[in-house]
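Look for subunit A in each of the two complexes below; its partner is subunit B in the first and subunit C in the second.
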Partner chain A sequence: MQDYEVEFVERGDREARFLVRDITPAFANGIRRAMIADVPTFSVDELRVVENSSVMFDEQIGLRLGLVPLTTPVDEFEVGDTVTLSLDVQGPGREESTETVTAYSGDIVTSDPMVEPADENIPIIDLKPGQRLELEADAVLDRGREHAKHQGGVAVGYRHLQRVEVVGEKGEFEDDEPHILRGVIEEQEAAHASAGSGGEPRNGELVPTEAFDHDLTNRYPGKDLEVVDVPNAFVFHVETDGSLSVDELVTRAVDSLRGRAEELRDAVQL
Partner chain B sequence: MELRVIEKEATMVSIEIAGEDHTFMNVLKGALLETEGVTAATYDMNPEQSGGQTDPVLTIKTDEHTDALDALEAGTERVIQKSDDFEAAFEAAA
Partner chain C sequence: MSYKCSRCKRDVELDEYGGVRCPYCGHRVLLKERSRDIKDVDVE
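The block that comes next holds the complex of A and B.
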């Protein structure tokens, strides 16, 4: 029925940009919102503090631990499930020359290897000699809607794909003001880019604006240009906090929309 | 998801969909407007602070050949279809 066309512009595990053609703004926005607020991830929610002689209150430590992204395997857990983690870090001994020992997210020990800190180098607190932090923490699976710490997607958005057309030469005495543009452009064959800006453009080629320092006059010197938004073509930029990969985040966001549609359909059929 | 029918005629239905927000309602509304036989589809939702009706109320009007509830069902089918198609296209590119 719908003929979506997806093309990756940039592709990484945690960050990607992809173009979707023939998608309605409503559906694109639904996917974006679902990625932010509806895809559940694990996050520390409760602590049992054994010893905290650090300079911070238990609650502050709790907040910091909550913000550590935890890997969340697909389809293994349900919302509300908990996994226990623990942390035990001690300041340096009095004889040691170091002044502080830093507790890092990598020091967190997990009871379930599927749920572990996505990054090992997030500092939690500095401990001075004689200070100690020992605790047990319950990570709970929940949605970004409940608390921002459960957001899987940290920077998720989209822009229209923009088509650049050369309509003529610039007048000889016209001002050469920069023409700043951000996002991804689609080039036309007739267009002629400058030699130093990354090759001859082909028809329909996608170029991120970083390639020419976001300034169209670098890529099309001396040309008179027209830039139009391509209808129903959106370039998504998705960055996750590491609890999920980009692919998982996108597919699970769509799954959550489908799940709700199925629920409503079944409720209406009754 | 709890449904409460507020008004129901042959070519018109007004229904409260508890627990949903703009994320799904706008997708559904968009799909309904593309559905055959639907002449109007909208939803109304108020912010938490309004103290009134905070769950979305979906209103659909259809032409005389279409039952409004059937149209709603067709709309949800359309959202499911869109999701399947998007996922297939995404996985093909991935």
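The block that comes next holds the complex of A and C.
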């Protein structure tokens, strides 16, 4: 099996950016699609409404609960497994009160501590005096291709890595229009004069364009530049909804891709 | 099936002879109460 060079530009629990070299555009897109559609996460799929005297229909509340990300431990469950959750929230006690009580995702009680809301501050509904919401919900493990609520990766994409080369000085009377570029650049030569625009450049250093406000003229003032896509090098930007960490999401996406490739190989073997 | 009178807010039981009318205040607007059964909802 081939190894790939992976280099992180930014790395957080829920959001990361990393460079992968020597992969084809088709493979990069395969990873992206696997992150969106093939990594299973828990999501509310069925409700048993005991009492709902709120202003919204049971189905609308069900939709909102379905969109609450639930933490999904790796390798503990199989697709189709369910975990029961419950919610019981009441409006303010005093009848004449004009205040409301908000039911938050943090009010959801889980029967399995491994599967719980990833965020505690997602509002579900406001309850006025005398209103009450009591229900039991079944969370099901399923994939993003079945329903978007099961997507683990919510903002997943990639761009070509771009190499910026200084080809010369800009002419004295040329207009200095901004040269906007978004993504991550690979600096070629340490040949730019500006200090204080994101540190000293080294050859091959990866710089996110936020470092110079997406404007190459800030980083290379007075230089004539050439920007080229680096062949077969892609910078992924991955954000999860909190049900999985970025590491888990990416590795499980790649695992699912590998699983299907092996299945295909076994199936076509003569 | 239980209803609630919209004027006097009392619970009203309807039978097939009485017609749609509150036996306490005579009001003809009755509101149907939500069933106390537990309702199953499929989240789509």
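By definition in this document, the second predicted complex is superposed on the first by the 259 of 270 C-alpha atoms of A that agree within 3 Å, B and C clash if a C-alpha of one lies under 4 Å from a C-alpha of the other, contacts with A are read in each partner's own complex, and residues count from 1 in each chain.
What we mean here is this: a residue touches a chain if its C-beta (ideal position, glycine included) is under 8 Å from a C-beta of that chain, and two chains touch if they have at least 3 such contacts.
Here the structure is a predicted model, which means the values were calculated and not measured.
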(message) Once the two complexes are aligned on chain A, which partner has more residues of subunit A within touching range, subunit B or subunit C?
(response) B
(request) Report for A:Glu187: first if it touches subunit B alone, second if subunit C alone, otherwise both or neither. (result) neither
(request) State whether A:Arg265 touches subunit B only (first), subunit C only (second), both chains, or neither. (result) first
(message) Looking at A:Asp241 after the superposition, I want to know if it touches subunit B, subunit C, both of them or none. Which is it: first, second, both, neither?
(response) neither
(message) On the A-aligned overlay, A:Tyr4 touches which partner chain: subunit B = first, subunit C = second, or both, or neither?
(response) first
(message) With both complexes superposed on chain A, which partner does A:Glu116 reach: first (subunit B), second (subunit C), both or neither?
(response) neither
(message) Is A:Gly30 touching anything from subunit B or subunit C once the two structures are fitted on A? First, second, both or neither.
(response) first
(message) Under the stated touch criterion, which partner chain does A:Val254 make contact with: subunit B (first), subunit C (second), both, or neither?
(response) first
(request) Spell out the residues on subunit A that touch subunit C in their complex, using ranges where they run on. (result) 44-50, 52-53, 58-59, 62-63, 65-66, 147, 149
(message) Show me the residue ranges of subunit C that touch subunit A in the complex, using the header's touch definition.
(response) 34, 38-44
(message) Can you tell me which positions in subunit A touch subunit B when the two form their complex?
(response) 1-8, 18, 20, 23-27, 29-31, 33-34, 37-38, 145, 247, 250-251, 254-255, 257-258, 260-265, 267-269
(message) Which residues of subunit B touch subunit A once you look at their complex with the stated criterion?
(response) 1, 3, 17, 20-24, 26-31, 34, 69, 72-73, 76-87, 89-94
